[in-house]
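Think of it as A, B and C in the order they're written, each chain with its own count starting at 1.
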Amino acid sequence: MRFRRYLPVFIGALLIVGFQVALSAAGATYYMTQITMSAYYALVVIGLCLLMGYAGQVSLGHAGFFSIGGYTSAVLTTCNLIAWRDAPLVAWCRSLGLVFERQDLYGATILSFSPWPAFLAALVLTGLIAFLIGLPVLRLKGHYLAMATLGFGLIIYRVVLGARLFGQSDGISSVPPFPLIAGLQVNGRSAFRVQNYYIAWAVVMAAMVLAISLVNSRVGRALRSIHQNEEAAHSLGIDTYRYKLATFVLSAIFAATGGALLTHYNGSIGPGEVTVMKSVRYVAIVAVGGMASLWGALAMGILLNFLSLRGVFGTYDDVVFGAILIAMMLFAPQGLLRVPRLRLLSSLLSRRSHG
Amino acid sequence: MVDVLLETRNLNRFFGGLHAVDDLSIRVPHGAIQAIIGPNGAGKTTLFNLITGVLLPHGGEVFFQGRPVTAWKPHAIAALGIARTFQTTKLFPHMTVLENVMVGRHCRTRSGFLAGMLNLPRTWREDREIEAKAMAILEDFGLAAHACEPASELPFGRQRLVEFARALAMEPSLLLLDEPAAGLNIYETRGLAGLIAQIRSRGVTCLVVDHDMSLVMDISDDVVVLDQGRKIAEGPPRVVQRDPEVIRVYLGDGYA
Amino acid sequence: MDLTQIVQYCLSGITIGSVYAIVAIGFNIIYNATGIINFAQGEFLIVGAMTAVSLYQVVPLPVAILLAVLITTLLGGLVELVFIRRVRDASVLQLIVITIGLSIVIREAMLHIWDEKVRSLPYFTGTSVSTVSLLGAHISPQVIWVLGVSAVVVTALTLFFRFTLTGRAMRACADDRMAARLCGTNDRWMVTLSFMLSAGIGALAGCVISPVTQTQYDMGAPLAIKGFTVAILGGLGNSIAAVAAGLLLGLLEVFMVSQFQVAYKEAVAIVVLLLVLVFRPHGLFTRREIGALRAS
């Protein structure tokens, strides 16, 4: 009853498993790599869907949040503090197990942060930055947030491209794997391909469960009401500003999670992840999938990113997303599933619950 | 028990050169139905916007239950127990009728982001209560049959009712009704009068702005007449009806 | 820095600043008429310059520029007719998203038509090394062209909006579309006209700055950001302030570069943008009155 809204999660899980079995049987497990990557990109899209479809705000800088997550993890896990080994702060971190010694590629001993604290630091940092940006800008009309996030994304791009700490145009590589629990690791080696496929999907499904729960809760209703008629929502006692800010920060944290995990998966991250085009891409995906449809956004996210990663769009990659944006806004501003002919399909999928 | 529920003192608001609300002081007693009337442009909706915090006054104060609430944000005013309906119905078009009313329960409930995301058991009970109360209100208004329909698909008169139901779901002490009879036919208007009386009998004080004289004279205890932002008359309906200034303002000099 | 250097930097800053100002005015014209932020604004400059470069191969320079401006003006009108007008009941946000998509598509089109080579128009008078002496500083005559053309554009627009019937009609539409319509103004045509005007002045600015900064297919986006920063800095919709703000940003950029690394030149505009959005979103020169800014 209450849990009917989670039904698609189970269906999704079945599809995921079925897909894996089929690919393994066909000996085509290399597709799983791109699907895994698409899954991590989809985390950004889920958060952005909450922001755009429910809180009604456009962010043109989500690639920036993705990258703060990724770069923070990368920097912390690849930095070498060996020279400061005995400094009080470092020693304290060592005693807590935050920092540990390991061998790098060349066999030298380096001292860097372990992946878990780095991951948490990445999330906290991203949340903080999103909070600081949203705090002044969300008081203003919608397009000011669009511009501010665009500017923010551009600054992150410049910083990442310009500072030696972030590897400039080469980015950061040799990012170590991320050991989760019980021997599960996030890394890109082909031996771990299937394992990572499931890890990525587990994270995505967990995010979907959180998002679906939120959307169907009192807060989700409030968000929808803000999106559909802000003045009325305000008059009913909803602090629209606080809700928008919270949703913005939440969506940034989702993006950072995707960024950090993908960085460990790929073993590297580069400035190509921070571009405006990437941010536009995420917006286009949410627009196509359906502004307020989490499943639509997820499906489109996987599909479009997968196609893009496989090179199906060729050199026209950017244009495709640009054209999608235009087409969506012109013909189906509520997303494909709200177009009247497809209404039956969408009503079958959602009925009383939302997602 | 506070005697005067809502009070404004010397409220002023300008729009450029236009003095929309001019030194306006009114008092709404607890449990009353008070009406604010006046020709178009008299400043009635501006007054509502000033009371509910949508607009900032350029002078003067607003008191609710004795507390100064001037320039509070709209959501804070609502949380105090002041609800309003709008001149043009502002429902949430893509949400069902029931959901619209459920949003009205928002300020009386508490589950936040974390509880929502994790679907904690304590939210289950709260959600059931919200739904039950909303459904009860819909039944009172005779809208239960429409509960699962998208709000935008209802006929206009019913949409109005949904907006009332939503406002009442807040359990307000004061309800501001902005032109509730606008667009209603004569039967609907009569039904409206009964509705407002019913609302008052539940303990909700009502402040009504409208043009429909029959409605206003029928239900109000007290009437305040505005013209160009200023109060020109006030008193029981019969008295105000005969006030020469009021007649002049509505009908012109020839009739005074 | 001695006086000559300061004068040099100032002129440099004013030059590029006046281009930013023109882009900002383009933003303002469309914003005033429609409430939309046209993300594709920067592309108009590049399209204009590139078209002029190609046309210059067959016709003399002044004709090439004139034709380029005309073509870009028509392009602006086309964009409005095809993409903006068709959208019914669109929220402002939807329209902004469309212009983002448009800027991407136009940029790709330019890449395929003109490839990624850097091109430029020749100097209008003189050559790349000729100089004119002004207040002790040596500047290229092109700088005089840029300043001159910018001044003419701003003056012409001011006169247009103030004294011509069409200009006043556009202002009326911007103020209250329904009322203007009721007075007999064809408001949809006014919107199209606003796009055409913005495109036209953009193209002109692109042509006149091309010899100095060179032109490449992807320069539209950075220009748009800077133009937008200037528009916000002056107060969105306020074109007189945009001129002052443009000059201010140009000077700021130039002096930043003189003190710090060139790499951070791009960052100046963005930092200014963020600062303005955070601290004074209604702009330096406009009073806070604007209720239109607040979200509710």
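Everything that follows uses one rule, which is that a contact is a pair of C-beta atoms (placed from the backbone, for glycine too) under 8 Å apart; a residue touches a chain by one contact, two chains touch by 3 or more.
Since we're looking at a predicted model, the values are computed, not measured.
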Innermost chain, taking as reference the mean of every protein Cα atom displayed:
A
Farthest-lying chain, centroid of Cα atoms versus that of subunit B
C
Based only on mean CA positions, could you tell me how far subunit A sits from subunit C in angstrom?
35
Distance between chain centroids, defined by C-alpha means - subunit B, subunit C (Å)
47
Centre-of-Cα separation between subunit B and subunit A, whole angstrom
43
Which residue numbers or ranges of subunit B touch two or more of the other chains?
54, 74
Spell out, as numbers or ranges, the residues of subunit C touching 2 or more other chains.
296
Where subunit A touches two or more other chains at once, the residues are 231, 234, 240
Provide the residue numbers of subunit C that touch subunit A in the complex, in ascending order.
37, 83, 86-87, 90-98, 100-105, 108, 221, 225, 228, 232, 263-264, 266-267, 270-271, 273-274, 277-279, 281, 292-296
Subunit A contacts subunit C in the complex at 56, 58, 60, 136-144, 146-148, 150-152, 154-155, 158, 162, 230-231, 234, 240-241, 244, 276-277, 280, 283-284, 287, 316, 318-319, 321-326, 329-330, 333
Once bound in the complex, which stretches of subunit B touch subunit A?
52, 54, 73-75, 78-79, 83-84, 86, 90-95, 99, 102-104, 106-107, 109, 111-113, 115-119, 123-124, 126-127, 130, 148, 166-167, 170
For subunit A, which residues count as touching subunit B in their complex?
2, 210-211, 213-214, 217-222, 224-225, 228-229, 231-240, 246, 250, 292, 352
